[in-house]
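Paired with subunit B in one complex and with subunit C in the other, subunit A is shared by the two complexes that follow.
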Partner chain A sequence: MNPALAIHWPMVAVLVRRAMNEILRVPGAAIPGVLAPTIFFLGLTAVFGELTELGGFGTDDYQSFIIGVSLLQGSGFTGAATGVNLARDIEAGWFDRLLASPAPRPVILAGMVISAALRALIPAAVLLTVGFAIGVSWPGPFGLALAIVGVMGLATAAACWGCALALRFRTQSAAPLMQAGMFVLVLCTTSYAPREHLQGWLHTVATINPVTQVLEMVRQGFLGTVTWHETWPGLLTIAALVAVLAAFALRGMRRMAD
Partner chain B sequence: MAGLVANARVVASLGARSVRQTFRRPQLAAPIVVFPSLLLAVQTGGAGGAVNLPQFPEVNGFLDFMLAGAMIQSCLLAGNSGGIALAVDLEMGFTDRLFVAPVSRYAIVLGRLAGTAALGAISAIYYVVVGLIFGVTYEEGVGGVALMVLWVTLAAVAFGSIAAAIALRTGRASVVQGMFPMIFVILFLSTAFFPAELMQEPAATVAQYNPLSFVVAGVRDPVVSVVTGAGALKAFASIAGFAALGLGLSALAMRRRLRLG
Partner chain C sequence: MAAIEVRGLERAFQGGVKAVRGVALEVAEGEIYAFLGPNGAGKTTTVRMLTTLLRPTGGSARVAGHDIVREAPAVRRAIGVALQEAALDPLMTGRELIHLQATLHRLPRAEARARADELLARVGLEYAADRRVGTYSGGMRRRLDLASALVHEPRVLFLDEPTTGLDPVSRKTIWDEVRALNRAGTTVFLTTQYLEEADQLADRVGIIAQGRIVAEGTPRELKAQVGKPHLEIAIADGEVERAREVVGRLGRALPPKDGLVLVELDGGAAQVAPVVRALDEAGIAVESLQLVEPTLDDVFVAKTGRHLEGDGAGEAAGGAGEERAEQPAEA
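== the complex of A and B ==
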């Protein structure tokens, strides 16, 4: 562990616990992050289920193909909600007091994004329960672990994105931008069909969209075997997204404190 | 007669205010245009290969098929946005001030619905233009396009009346906003995105009897096939049914609100 993080770990833990308390204090706030991906998962399965007849999906069960998208949608929404919460704290003046405290800025950011990664497990648990109930293939322990890594990793990146926007606009009115950004990133991938079936602009965008790598890493266990070839690009993408977006968020904190 | 003219002026003024309000607040306008456009683009690009499935109806392209779904999605969201705006007016006390003004109380709700109708028409025209730009063929020509705009406008009023009823009953914007996921449940259980014969059970059976599917078919027919009397009648009856339900519930909610104060 980074020595600086080790020293400040109790502070990170307190910030994580504060964020997690919101689940108990405002349970309704967790509902959109759970409900929307679940409705989309069930709806898309029912509507587009026959697409697998086109071949190339790696499975006959569309629900096994689409579950990865819904897991990432849930983690994207939950992560972006961290930005909304931060905007609320900024509006209420609480964040100013936090910035004036002796806590280093990376520690404050770590507290927020770690809580987002943990909260993303709630929609993931609901989706997996619903998914297995309607016939999603068991991904195996390693495939499941990779799916959880993808969910927590994307939630961390989404939280950094949300925080960067919250620090830029300093108002909850920026919430749609935080959520829409993640929504677009997750959907403009191989979300509905494998790359060979994508048409026109979506084929190009899905090829260059880094979240496609994360989706394919998360999806592989549900479609069959897990390979390092499908795994490392996803892990690398998560690391890069978190590094870049965290840098933006930290820059926003610096500007706000100046 | 003078009363009718006065009420018509109230409806027109409140309708114009409703449209201006939607364009001034991006959070009300964005769901009507951005969200359905995004889904239309992604679903057309992602699931476009579906036209190669053997049971898929004969169409020029998947976008031709999907356009009606995007229009109906947009007018459902326009109705919901209208309901949210009405609830905000109730929360802020603006509607209470209108209630004490010497105008018909129903004109106040109709004014909001007039605005929703205008938004429905605008969104329908927007999607027609989008379709033209991206190569959709309108089989029934200009007359068919006019019919599509008419159906979408009437449907926006019908869905808006249901949202207005919820707003009047609860008086809370958050409750009306909470209906957002339900809109997608209703859409997924209709033929908005895919033909019923290719959907999975039990959604396929629900979609066959869902009145929204008849509205979607009414809007879709001028694009992909021909308009038939039976299809038009089913679309009209479904819209009328939604409107009767919404207006009836709105009247009840209004009476309750005025009784309780």
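== the complex of A and C ==
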């Protein structure tokens, strides 16, 4: 653990606990984050289930191919919702309480984004349960662990993105921008078909979109073999996204006083 | 060393709107300083700057010995803040909120728990400690907010309109707590739009209007600037002139108004008894009397031409002295 984070861990922990109240104390609060990716997953599996006959999917089970993108959808939505919650806290004045406290700004951000990473495990758990029930291949312990790392990592990046926007606009009206940003990033990948089946602009975008690397890292266990070759670009992408977006969020936090 | 030193503090917003225009003040250690002014006068903007939530665009300030811009983290460690809208998370319990605040101030877990118990008892909320804040009344929220601002025993406490919107009982509870804190040595900087609050609580008052301090001093000093207290005496018909002559020996007799004998008293309430005694000795029956003192609103009107609060807000019709606090006295 980062030494600075270790020193401030009790602060991070109380902020995480407070953020977790959103889903632990509000009945049904977790449902929107679970429902959309689960419906997408089931619907697309039913409609495009025979797509794997085209070949190149690395599996005959379409559900095993798209479980990865559904996991990242749930993760992205849940992460971006942290920005909506922050905008609400700014509007209500709660965020001033945190800013007027001696807690360092990175600690305040860490509290918010770590809670997002933990909350993202809820849609992931539901999706995996539904997925395994309808025949998604078992990814193996290492593949499952990588999928979870991907889910939590993307939720962290999405939370930083949401927080950066919340700190820029300071209103919940920016919520569609937070959600749409993640939606586009996750879908403009090899979400529903392998790269060789994509055409035109989508092929180009999916190639340069860094989330494609995360998706392929998450997906590999469900398709069969986990390799370092497919893993490191995903881990690097998550680290880079979190670093860049956290820097934007921290800059926004400093500019709150301007 | 002053607890708060402010020099030419300014804050302009986008579009060039200046909310605070060169505020300068000093608050001594252990003092209660009230910043009195109407909505939009610049009180909250000043507090947000002093609590490091907003950067000044001009001037400087030190709080608890630390510069609010260059040493902002040190300022945050030294201050307690209860802002205008009691921003409390409705999903947390009162105890959780204080525990969170204690942790943010780096109190060890056991100490944080003990402090939460102590503070909740102190503001009379121990019975609701484990209830969610969403179920609290406005007064309970303000008391909880105050308790959370005290968790680290701050040297300087900022209260931004701590009783706005509260019922009289809750308001008095907050006042009592502020007085108790001050007796324990805490410097208190509070903003208010209530005259009575400033009058009751503050050692010194700064009156702010349109971003500038227009008057500053103890409530007594400020009121003395706009006039002395006077006694309004109702007596039997036919005795008015003789009564004026009698009271004129004890103070400056003013022209009668609506059949009342008016006398200005340098000594205020202390001079009421001698006046009554003198009238009695002269065989003049007093039907009723009232001691009328200048208020901070009179000061505000004198300095700005406007009333501070109530329906009278706006241009003052009759200048200083039109609305005065009346203290009925036994005849």
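Please note the rule applied: the second predicted complex is superposed on the first by the 256 of 258 C-alpha atoms of A that agree within 3 Å, B and C clash if a C-alpha of one lies under 4 Å from a C-alpha of the other, contacts with A are read in each partner's own complex, and residues count from 1 in each chain.
One rule holds in what follows: a contact is a pair of C-beta atoms (placed from the backbone, for glycine too) under 8 Å apart; a residue touches a chain by one contact, two chains touch by 3 or more.
Predicted, not measured: the structure shown is a model, and the values here were computed from it.
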item: Fit or clash - subunit C, subunit B, common subunit A; value: fit
item: Subunit B versus subunit C as contact partner of A:Ala92, first or second or both or neither; value: second
item: Following superposition on chain A: angle at subunit A, subunit B versus subunit C, Cα, nearest 10°; value: 90
item: Residue contacts on subunit A - larger count, subunit B or subunit C; value: B
item: Partner chain in contact with A:His203 - subunit B first, subunit C second, else both or neither; value: first
item: After fitting on chain A: smallest Cα gap, subunit B-subunit C, Å; value: 20
item: Subunit C-contacting residues of subunit A that also contact subunit B; value: none
item: Subunit A-touching residues of subunit C, taken from the complex the two chains share; value: 51-55, 73, 76-77, 79, 81, 83-85, 87-89, 91-92, 96, 99-101, 103-106, 109, 132, 148
item: In the complex, subunit B residues that touch subunit A; value: 26-27, 30, 34, 38-39, 41-50, 52-53, 55, 62, 181, 184-185, 187-189, 193-194, 198-200, 203-204
item: Contacting residues of subunit A [partner subunit B, same complex]; value: 32, 35-36, 39-40, 42-51, 53-54, 173, 176, 180, 183-184, 187-188, 190-193, 197-203
item: Residue ranges of subunit A touching subunit C (in the complex, touch as defined); value: 10-11, 13-15, 18, 21-22, 25-26, 92-104, 256-258
